[in-house]
Amino acid sequence: MSTQATKDQSQARSHFDRGVQLGFILLLLGLWYAVTAFGYVSKLLLPSPQSVVQELSGLLTKSDFWFDVWITLTSIIQAYGLAVVAGVVLGSLIGQSKFAYDVFQPIFAGAFAIPLIIIYPMILYLAGIGPLSKILFGAIYGFLPVALAAMSAFANVPAKWRRYAATLTTNQWLVTRRVLIPAAIPELLSGLRISYVVTFASVIAGEMIAAFAGLGRVISYNAEVLEPARMYAAIMVVIAFAALVNSLMSRLQPRSERA
Amino acid sequence: MTYPQKVWACRLLVCAALIGALEAGAHMIGAASDLLPPPSVVVADLPALLADPKVELAIFTLIKQLLIAFACSILFGALLGYGVAAWQRIERITLPIVLLVYSIPQITVLPVFVLCFGLGSGSKIAFGISHGIFPIALGVISGIQKSRANPIYLRWADSLGASRSQKLTAILLPQAVGSVCTGVRLSMATTLLGVLLADLYVSDNGVGYFIKFYTDTQQGPRLFGLVVILAMAAVIINSAVGRFERYAGRWML
Amino acid sequence: MLQDSKTRMALSVGQLTQTFQSRGESRTVLSDISLDIREGEVLCLLGPSGCGKSTLLNIFGGFLTPGTGIAKCGDDPITGPRPGDIAFVFQESVLFPWATVIENMETALEFRGVPKAQRREKAMTYLAQVGVDEFAQHYPGQISGGMKQRVALAAALSLETPILLMDEPFAALDEQTRMVLGEDLSRLLTQTKKTIVFVTHSLNEAVFMADRIVVLTARPGRIKGIISVDEPHPRSPDFMTSDSFSAIRRDVYSLLRDEIRKADA
């Protein structure tokens, strides 16, 4: 057995897997078309794929919709920015000391287990039904996973590297820059990814529960006025957007782990 | 004082300081803030809140919905996870699909749940399940993957002529238990989140409704009472499952 | 070669006793150790598991402060790691996985304050000395354990410190790899004229590389005996099959044997 042969084999196998996955998705689409075309389900519950595509192209050419996209996008960016800056700063400070980590980690982990959506109405009341309320809410929710990842990343840098660095230099700033930060980055990145997912969902949730504009509002509004085709079209835009950023972020991986 | 005692003392100190800061802050804002009462007032108001039969009903309904959703999450999640990971061949095809579905921000499809299951308990339970099922499934999958990564134990069992069920209970399950517990803990939190999201969105007469109602009518002590109860419940459940998780996974260290 | 009585001491400990507290129990690991290590000698610490040989090395390295007694580097008491004087090779790989071999070398030199312009050349010189220069652009995850320890050795040598401490540097490697590494090391160390203290479990390694072998007793570790190996460096593989090698090896083993049984009991 040459390695080339096994390589070809595994490549063929992964092509086969892709094919089955694609087939599965096509099957679902076909099923969707069939049940709507033959009227097995109410159009209110599940509109036909053609009508959703039609609504989608309608949405994408309307300037109102792009305004909603813009509102959601800027809210997410601001919320995520706040969450990341606050989380990284506080988390890395706590992670500097094992004792501080042991004290604070369970507090933050406990807070992250609370369904924070229950404080959203209060934030809404204090900050008003504008972008500010969802930005604050998204930032608070997204802050926790970043802070947790940052404190654990720094607190868990293997002792062997600290010892090794100590035999080389007494310059703590150099050790932080060249050892602690690179060692912390993989875990920090995964925290940043979780935080993005959480912030994104929080902002959309905020918009759906109460807002004048934004993609979440487009979804909930079209559900209320019984325009399911348009609602599905908006859902697809949001999912596509989330997936796009998700795949971009999963590319952010340290060099050594790619190989 | 031993190290763990010191850690606990400091942790309590931090929490006390936070509560103290809230108390002082609320007093500083003074009467202007009906919505931001001091913690002492919230605690004093708790009995009155719990004596309200409507609130009581809402809480019991929430607990009922949560338990049903959680039980279904565990059942369906375990089945899904096992179905995906039991055979490596199938896993390679299905796992990317599961991860793809999991990566969809579920909040976007909440209105679809409401359309399908109506405005009552159904949509809340269903939305809870859709949130709770994935952590369980992924925990089971990663547990099975972990057992598989250590084939030496399975080979040892084979060399002794162990049966399939013996291998399952003696070798696969113990190795998977840590990941599964992590899944259960995460699922508990996400199920609760799912139920509450639907509750707040639908806002008929559940806890979500009261949270909105107390906010709109500026009944701060009531609002915070409810928030505190829910938050405490979440934290306690989370740390209880976490404790079991560490106990079940203690051999890993 | 070590007859000059005026030779300066590179490292020394006097009446050192080291006790650890764990879970309310106190364990004495080292007891009343006095040892002078001359400049330019290769000294090996040998003893049964748990006899405190790594503890002694860690005290020299400045990772532990002596319980009672004193540890000195030259004339200064050792109070912490001394980057300018002492380089350390650890038992496990401490190469940073996120940096290539050459970047790892350069980081070590950067830490020592070597100007940027000189780092690359210096790093390549030492990588070539240990024979891994062709792997300079690889990540540690892509090279074998033996290669990793060679890189760690190159990094320690590149610091150009007068003293080199090695804590079971080849423990994680297979026997053939460690034999080849041992030969290369013997050749390299003769060229560098460093003071070297290393810990090992391997009798062969100890006899092949060391000028003096310090045998420690089972816990608490005391000095049981010191055996000199009067074979000039660099030592050829033929030394390992010579009668003098076998004789010294037998002497060391007879000192060690009872202690291994005690430690095991």
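As written, the chain order gives the labels A, B and C, with residue 1 at the start of each chain.
The definition used in the following text is that a contact is a pair of C-beta atoms (placed from the backbone, for glycine too) under 8 Å apart; a residue touches a chain by one contact, two chains touch by 3 or more.
Given the structure is predicted, the values throughout are model-derived calculations rather than measurements.
If you sketch which chains touch which, the chains link end to end in a single open path, with no loop closing it. Seen from the Cα centre of chain B, the chain whose own Cα centre is farthest off is C.
Averaging Cα coordinates per chain places chain A and chain C 49 Å apart. Between the CA-based centres of chain B and chain C the separation comes to 52 Å, rounded to the whole angstrom.
Centres computed as Cα averages put chain A at a distance of 19 Å from chain B. Among the residues of chain A, none is in touch with two or more other chains. The touching residues of chain A, when paired with chain B in their complex, are 13-14, 17, 20-21, 24-25, 44-45, 99, 102-104, 106-107, 109-115, 117-122, 124-126, 197, 200-201, 204-205, 208-209, 216, 219-220, 222-223, 228, 231-232, 235, 238-239, 242-243, 246.
Those residues of chain C lying in contact with chain A across their complex are 61-63, 80-81, 83, 86-88, 90, 92, 94, 96-99, 107-108, 110-113, 139-142, 159.
The part of chain B that touches chain A in the complex is made up of residues 6-7, 10-11, 14-15, 35, 92-93, 96-97, 103-112, 114-116, 189, 192-193, 196-197, 200-201, 211-212, 215-216, 218, 223, 226-227, 230-231, 234-235, 237-239. Those residues of chain A that touch chain C in the shared complex are 160-161, 163-171, 174-175, 178-179, 182-183, 185, 254-256, 259.
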